[in-house]
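I've put the structures underneath this note.
Consider the two complexes below, in which chain A is the common component and chain B and chain C are the respective partners.
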Partner chain A sequence: MLTYALRRTLISIPIIILATFLTFGIISISGDPLQEIRQLPNITQEQIDNVRESRGLDDPVTVQYLRWVENIAQGSFGEYMISPRAIWPDIQRVLGNTMQLVIAAEIIAFVLAVFLGVMSAKRQYSLFDYTTTTISFIGYSFPSFLFALFLQVAVVQIFVRTGVRIFPIGNLSSANPGTGLSFLIDRIWHLILPMASLAIFSVASYSRYMRASMLEVINSDYVRTARAKGLPERTITTRHAMRNALIPTLTVAALSFGTLLGGTIIIETVFGLDGMGRYFFQQLGRRDPYPLMAWLTIVAIVIVIFNLIADLLYGYLDPRIRYD
Partner chain B sequence: MTEQEDRDPREDLSPRNEHGFPGSQEQPGGASLTRGDADELPSEVVEVAARSQWQLFRRKFFRHKLAMGSLIFLLLVVVAAFNAERIAPYAFDEINVTRANTPPTFADFHFFGTDQLGRDYFSRVLFGTQTSLRVAGVVALFSTLIGTLVGAVAGYYRGWIDSVLMRITDLVIIVPAIAVLLLAAAFFGQGDPTRIAIILALLLWTPLARIVRGVFLSLREKEYVQAARASGAGDMRIMFRHMLPNTVGPIVVNMTLVLASAIIIEATLSFLGIGVNPPTPALGVLINDGRSSMQTLWWLTIMPGVALVLIALSINFIGDGLRDALDPTQQES
Partner chain C sequence: MTEPLLSIRDLVTEFSTPDGVVHAVDGVSYDVFPGETVGVVGESGSGKSVTVMSILRLIPEPPGRIARGEIMLEGRNLLELDDDELRAVRGKDIAMVFQDPMTSLNPVLTVGSQIAEAITTHDSKVNDAEARRRTVELLELVGVPNAAARFGQYPHEYSGGMRQRAMIAMAIANQPKILIADEPTTALDVTIQAQVLNVLAKAQKETNAGTILITHDLGVIAEMADRVVVMYGGRVVETGTVDDIFHNPTHPYTLGLLSSLPRSDRQLERLEPIPGQPPSLINLPKGCAFHPRCRMSAGRDVCRTEVPELVQLGEGRASACHFHEELPEEIARIEAAMGLEFGADEQEGE
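What follows is the complex of A and B.
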């Protein structure tokens, strides 16, 4: 089990290397990393040439890439092109904020989807089932940025009409968030709208999978046996049926973790949150390859870790699974 | 005995043909079934079977009320959007400051209201829908072509093409697709609808390639494929005349999925300012235009937004109807 998971993790290392190389190539060939410096006032050609030389921008792409890898091996993501400031502290700050958002969204989406999926499977073709199905279709068709905008409009309109400020529509914390518990509550309060916008697509997609796999399990022999021996319906659902039906949904959730992280690019930009997504989008506008590379590497590592956790969870949920 | 052996694979095939009925529509008479050495089998029988599959599909699809309603709605939208030059009451960039900031009204045909410059939003949404639909159509067409071709070759020949394809799919799991899209659009898009469409097509073909590969992997072991090979059919003929018609179902369903997601992704890119650039109207551009004043001039965000959601929703419903109608396990309904 553990060896299988480790083997899969090792396999992803060459993929990460390939991904970073391709990205580096694309960015270096097509972008102008000095674009921002050129636009600075009072900049002379000599200064530009100095930066160009000190950063080795005239070297072949492969040499530049190897230099980047060398930096990584020494535990450094390098510095920004425009100023000699290290990238890592910034990433560290935004990564923490984003992980709060993404993990909360993933957990809420998963729990809600499991609930909806189980309920619609148990009452197949009921009004509840049709309603959830229709809502999940709307969830598929609603671009997350638009959902976020609509939420913002709704919250502000309620504020204008009634004077009640239900949720903040931007930022991660209030001006004076306090410490300890009050900080936590303040943070959750700020994260609710972004979380909802981020989770809507996942809820729609996971609940479809959960419904399908639950239907399959409910009609299987062992569930019929459980019912025949007189177990209460609740026990059958939670202890017998759900446990197996969770496995495919968990796979989907684990594989979609990257999509969710990618979704933060849009959501954090709309809500103005200081996280990985907004960071990526800001750096994208600057055409500076190094922060973008750092972002991709970190995100890839996070996704690999989450796939690893999912692999380990299967073994726990389904003892039939033996990976060798 | 040989007669018997020849007969079996075809009889075995006829129920499977329901995956491929739009294909057999394009090749009347179930060309894939009757071609060549089908002398022993009365060709009428097969023809009737093929047609009844088509009828079966039609009946099931027409019964799917949401899908039918969506299809009618989408057709209306497509016709209206591509005739925007004729239908729209105003040009999309026609400025009329005297009528600025009008909420939606029937007066002067400002159904969706006007913006700060007095531009008519109904016209802008019509033209924007045209751009968005055009981009999505190109994406669906090209990504389907690439995905089918790569998936067919990978599933049929396996080998290195297969490994490369699978590694690419692995890559997509580890790197968020939207980040790759944003990178590509920011560096190569230059705000041009055609370029955006090509970028999306080049990045959205992998799921279909995997699906087609899977179907081809199982089809290549079927008796009728072996029979075709034994009777001397070339690889191209087997792949595209025999196996492809049996893959059309999943391909068509996937095409609707790509169409819907292409519309959403293009809108997202345009909203973030790296998709279609203004002044070209696209739904995402319009939403972004309205965003700065969305609290007071709400219609500037809501109207193009609702149009976008309705289009994506109707495409998804059509896809669902197609999937149900094509699903052989739902025979009894």
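What follows is the complex of A and C.
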């Protein structure tokens, strides 16, 4: 298993290199990296030429790319074009914030989806089943930013009418969040609305998977065997049915992690959260290739890691799969 | 005879399907006495499995529904038990071996743990170590080599024959009073069918359980069963001892089954196969369900209009044919035509 994980990691290195090279090329030809600098007041042509030369912007793309790789090899994502400030500390900060949001959303979405899927399957064609099915389809097709806006409007309306501020509609923390437990509670309080907006799509999609695989398992021969043995219904559901039905659902969930990260671009912007998504959105307008490259590389690595986790989980849950 | 251990009385089980109501089991009655093996035969789709699934209420509901009848086990009607009482019967008083060992075991749990849980769920005093010890004993009993090591293996690490042995071990784990085996060897390779049947016979001896053995193989019936129940179109058409059924069948359908049996004295030909197809259980033929395929009916009206009752002809002997007393002539006719004697083959084998 360890050698398998190692091999899989090694295989993903060339994939990441190829992906970064392609995006580097695309970003290079898609705009003027000096656009922001040109717009500065009182900037002289000489200063612009200086930057162009010191950054090697006239070199061929491959040379520029290799220079970028060299930076990474030294543990840095380079500096912003406009000011000699390191990119990595910013990435570190927003990555940490986004991971809190996304992992919490993923866990909550998964637990809720499993519960809904199991209950729907066990009561197929009941009112509960039809209701969750309908809500799922709405959640599935409804744009998450609209959902986020509705939540914000609702919270503001409640505040205006009652003076009670149920949830904040922006930021990661209050002005004085305190430390330790009070900081944690303050953080969770701030993350609830963004989390809900982000999770609704995942709940909808994972619960459909869970329902479908649960239905298949409930009607399987081995569940009939379990029942014929005289096991209590709860044991049949959890030990015999759910364990099997979870396998495809967990895989889908782990593989969908990238989609969730993509969702943060909108949600973090709507809620003004200092995370990866909003960072990407901000940098996109500035034509500076280096922060964008840093962002894409990190996202690619995170997705690769979650694909690997999906694979290993699959092998752990299904004894028929063996890695060697 | 003594009292029956299990009595199925007038059982009716139906399925609602988009095409109509499937009358899978239509008034079936038969008994199982202590220690005996009842063989149930009939073409595929005749309601053999649905009958035994109904005993433990393992029919998927919906679309299935047990509409009528009684399943009496030692004076209790199993169809009236509440969930907890039913659970106490399942796998304890009555245990089952299913047809397909490839799909009947849970792929993500070890074989050993699946047998062990059959023990612990009915006896909370048994701890894990004890359940494990007993499971290993059971696996040894059914001839799984290296049982202690194979306890922790998963179903995919077992061959088909070994899985069916494990299923048998699971079924006898609680010394059931009734053991039901639904075509236990049909899904297996021909070369290991005999071994698994031997294991089943041994398991039955060990527990002295009254056994229901479903098969479409009359050879298996001849070897394993004491009494035979013949089913057709969701109904019982004949019952009798193995001797009765093989030598003096009292229903044309049974006779048809016997005639289509390949025999060692006329090896290559499958003589006189039953013409036509098994009936549709949605629109069962009026009158005797067998009449469209019956040679003996000879177009007589009563066969097409009146459902023949299952009439008692003697101790444990019954037939559902309006003209059962004509059977000896029919047998003589076929024997003459084929130059053989019914039952002779099986006698040699014994």
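Note that the second predicted complex is superposed on the first by the 323 of 324 C-alpha atoms of A that agree within 3 Å, B and C clash if a C-alpha of one lies under 4 Å from a C-alpha of the other, contacts with A are read in each partner's own complex, and residues count from 1 in each chain.
In this text, contacts are C-beta pairs under 8 Å (C-beta built on N, C-alpha and C of every residue); 3 or more make two chains touch, one makes a residue touch a chain.
Treat the numbers as computed from the prediction; the structure is a model and nothing was measured.
Overlay on chain A: chain B and chain C fit together in the combined arrangement. When the two structures are aligned on the shared chain, A:P177 is found in touch with neither chain B nor chain C. When the two structures are aligned on the shared chain, A:I15 is found in touch with chain B, with no touch to chain C. In the superposed pair of complexes, A:G315 makes contact with neither chain B nor chain C.
When both complexes are overlaid on chain A, the residue A:T235 reaches chain C alone and has no touch with chain B.
In the superposition on chain A, contact of A:P248 is made with neither chain B nor chain C. In the overlay built on the shared chain, the residue A:T269 is in contact with chain B alone; chain C does not reach it.
Contact comparison for chain A: of chain B and chain C, B touches the greater number of residues. Look at A:L149: by the touch rule set out above, it reaches chain B but stays clear of chain C.
In the superposed pair of complexes, A:P168 makes contact with neither chain B nor chain C. Put simply, if you stand at the Cα centre of chain A and look at the Cα centres of chain B and chain C, the angle between them is 70 degrees to the nearest 10. Of the two partner chains, chain C is the only one that A:R227 touches; chain B does not reach it. Here chain B and chain C sit at a least CA-CA distance of 5 Å once the structures share a frame through chain A.
Taken together, the two complexes place no residue of chain A in contact with both chain B and chain C.
Residue ranges of chain A in contact with chain C, taken from their complex: 219-222, 224-233, 235, 239-240, 243-244, 247, 317-320.
Of all the residues in chain A, the ones that touch chain B in their complex are 12, 15-16, 18-19, 23, 26-27, 30-31, 137-138, 140-146, 149-150, 152-153, 156-157, 160, 255, 258-259, 261-263, 265-266, 269, 280-281, 284-285, 287, 292, 295-296, 299-300, 303-304, 307. Across the complex, chain A is touched by residues 56, 58, 60, 83, 87-92, 95-96, 98, 100, 103-109, 114, 117-118, 121-122, 154, 156, 167, 170 of chain C.
Chain contact summary for the complex, chain B toward chain A: residues 167, 170-171, 173-179, 182-184, 186-188, 260, 264, 267-268, 271-272, 274, 287, 291, 294-295, 298, 301-302, 305, 308-309, 312-313, 315-317, 320.
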